[in-house]
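Here is the structure we will look at, set down as structure tokens.
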């Protein structure tokens, strides 16, 4: 196991009280695994990704542990965590297109960043340039300011920078959402290539777009209202989803060839519950066509029903 | 970049043109007859013939007898020759030379006060953004200083250091008992007279820059590039250095916007200390109703501010790479 | 009928409009009541610009947009208000579409002030209830609330209901579901299908091919301001003619078909560029067949009709957008 | 209406001036973008009030202003008559009879002080108000119309912006034989609007691209109603802050003008008091009670306005709130 997360809880402090954005998530990621993490907005998927690298602002670590390659990550200790960031855990943030310092030449910024890790720019330069070419940029971007690059180019540059120290775990947070279909495909496939070439050992790809994840991820985890609903190998998830939420979600996605006149798809009625005071029992029960009395009383545990396939639903077990 | 400067120069050229035109227009189109009002104030007790002589004199001076367009054209011709007319109260000395003899004093106050307050203010502000106790000290003091009228701070400085403690001389540019010369004694006198107006100018500006920088830094530390560095575990030193660099840019723009105010502040500060710069000259011009001198000072101040603005623009290009790579970045 | 005839638009950039930046070039198509056209393009394709021009939010530089024969750029005052009575729009961001300081039904109030000044309170309430019912919203749940108290899906439905309050015949739906969650977006999309059944003509602007394929009868594919292919949706998706269309379709992440491996050159993600050497076979065929007057007009805008109602543009256009396969007539 | 900005995607978006707005030595000015995202749309007035009552800055500043206003209103009742009248002993320090002492001519400084306070508030209100009106109109029109109208108005704004206000006021007022408070305020208002216009233009520009503006337009609503019914209410806090800063700025400019001897020719003002104090050697004679009160009053009023601006800005702009 490369990454083991146990009962992770991260809340947001607000005036009205704590928003339980991440409320007890347990999962493991193997070496070489690309795990896709999907769910509706506000389900806690980005909070999960971010809390593995930097708990900031109004985020508050309430409980749970994270172990990377057998070493516990001090996720709530900013200073201790600095030793792991970049080198062991790294992130391609959602805001990648504005993540580069506008007043520094990109190469200079990378050099200064590397220097903080005791890596000499001169030593890393060759590999850096190789990777820049790999993502379809030209070497001279290092002598440019970010403003001279398009949004997509900046994002690819950030992909290279974030993975330069060959981290064990990479978090890619909604990096395809702002892209056109054609670049979406290029970026997503580049992620796979990074893994294949060993730039990163394992990866968590956070997105709301399940179909992208189907293309690139080995395993798929679906979150709902701060909790994991289901996790399984991608093919299994697509062919035999067990959680009603997963099933409804997948069946609501139109594909090329599906047409309104011939096959009317339907969404999931209702909205997710507020995470300020989440309901007891199963959080999906209000929207669930299969809900029974037990769902309101007792929270379904996240249990493995077959190797690698876990579900949190009374009706699935 | 050429467009950036082109646009700036256009604005400055237009500004000077408009300002000079206003300068020309005002004595001619203000309500009432300026010449009459001048005469009635200056020629108090004169006979009717004497008043008429004075009226004629002023009409001739302003060139009021000729067609309007010719007056305007003549005004520009003499302006471009550096001829701003003659000072009435200083017995007919050319306004240009009167002003030129005052300019060094004003510049000696302004340049160090502006540069030092900007530089120290920015560094202090950046420091305050990171130390809570400093923040709690710098902020209130800064607000008090920026809210203080320039002349009042000058008065208080003069009162405390000049009257109560009696360390520095209260008025003048150098000791009245001395002749200007290149001796150590005279330079010392210059310096001791210079200090109080300088420090009061410095103090008023300092607070504003410190507060501005503090706010900008906090803003920048929240920016995406700062968050990214944080997520990659960069030490706070590097993050702060980047934030400072980006926060300085609006401070440079701010400097350009503040120049007019600072110069005005210098004028009133000089008046408090009877410091022999443009400000003192200005007061004399107003009290003696020396309108050529007044209008000359006006044009001079505007020209100076425009040149200073342009220097700041050049500085902006030097610190902001984005203007150099040809994209937008600077503000109009 | 709402029709665009060789519509072009460029933006002026720089001091006193120094540079022209073309956004839309020679776009012609028309929208009938009771049909959904999806206008598909990537960012910078000009798709939203077209929507805004139809809604008179932007002016047209060249060409005309006409509504039942009237050039809409001539409409002023009352005539313009009458136009908005029949042509309406819904935009991408539900949260930005509502003024955050007003309650959500402020958007109804605006319409009431302009169009229903004389309607009684009861009459107005009846109309609102009817419109909300049509978009399956419960009045009690949405009226009197601030926008941030409602979900994105509810807000978009409110906007559609707003359009229904008027005698809307044509609706410009600009990316209206791209910011909604997967579980709710399909229902809003279905709503468009239901409106079509009520006789509305809908221009569905989207970057998402599978959504366009799902809801529309006809599809228009835009690239850099120009139409590269248009026709009946099954034809465009089932038998794409233009290489750009093919590339787009191949890039769509499907749920049960995996992508092929990308060529090294495609990794750059700069999108499709026309092959310089490939001759334009469509114009060749057209010229050989002896162009009729109407097809010639279309050919001038770089489009030819390959089969019934299915048009495609030139494979290798010149820099100015004209056909690269016509050696002589390009001017 | 021509737009100078591609609507489709933000690749070429003309970035609005990102600089902060700054008036007369305004510390920090207005923080740049209070265009709120939907998620942080504070909206409710109750929440604003909650923060106002909890903000020490706002409360202290408001208290200072209230004290000053009360003094300006009640003072003239306590000391009726011409504040410049020669009523008491010459150059007497503060005493029970003359709370703030007297001038070298025997004028009651307290009487002058309260009259000057009133004058300052009047100049601030009228001058700041006029500047706000001009700035708002120019800012809205330039930002909303865009295109050539924007180019011309922005050019005008920039021209007036770089002219040193005081210098312009000097030549303008020097020719006036009789100067009243309102004339002074009018001149100040006419020259101090540019930074406000620029700031409001930038705000309008960014609000204009929000979809609710388009929605109002396709509802058949007129341009003026879009500006004042949709855009302006969204900027109400920003407009208020702008006025607060202009108010303080006008008081400072008026003080400088008075101090140079170009103040109102009738009555008195805080700046005029300082002018007289310096002119009649109060410094050399150590008559501190003559020049200290007017300066303290101006500093207190302007400082309170600035602090209030910051306090309110923190409330309206959640990002600045200290966590």
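Order of writing sets the labels: A, B, C and D. Residues in every chain begin at 1.
The rule is simple: contacts are C-beta pairs under 8 Å (C-beta built on N, C-alpha and C of every residue); 3 or more make two chains touch, one makes a residue touch a chain.
The structure displayed is predicted, hence computed values, not measured ones.
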Touch-connected sets, chain D omitted, are one piece
Larger contact count among A-B and C-D belongs to C-D
Computed over C-alpha atoms, the centroid farthest from that of chain A is that of chain B
In whole angstrom, the CA-centroid distance of chain A from chain B equals 55
Rounded to the nearest Å, the gap between Cα centres of chain C and chain D is 47
Rounded to the nearest Å, the gap separating the Cα centres of chain A and chain C is 32
In whole angstrom, the CA-centroid distance of chain B from chain D equals 21
Expected list for chain C, residues touching two or more other chains, is 15, 43
So chain A residues touching two or more other chains come to none
In their shared complex, chain A is touched by residues of chain C numbered 42-43, 151, 153, 181-187, 189-190, 193, 207-211, 213-215, 233-234, 237, 247-249, 251-256, 258-259, 261-262, 266-272
The residues of chain C that touch chain D in their complex are 11-13, 15-17, 21, 23, 43-49, 52, 55-59, 80-81, 84-85, 88-89, 91-93, 95-102, 107, 110-111, 113-115, 146-148, 159
Residue set of chain D touching chain C in the complex reads 1-9, 11-12, 14, 36-39, 41, 43-44, 147-148, 151, 210-212, 214-221, 230, 233-234, 236
Note: in the complex, chain D contacts chain B through residues 14-15, 17-20, 22, 24-29, 31-32, 154-155, 158-159, 161-168, 170-172, 174-177, 195, 248, 252, 255-256, 259-262, 271, 274, 277-278, 283-284, 286, 288, 291-292, 294-295, 298-300, 302-307, 310, 319-320
Given the complex, residues on chain A that touch chain C span 40-41, 134-137, 152, 156, 179-190, 208-212, 214-215, 238, 248-250, 252-261, 264-269, 271
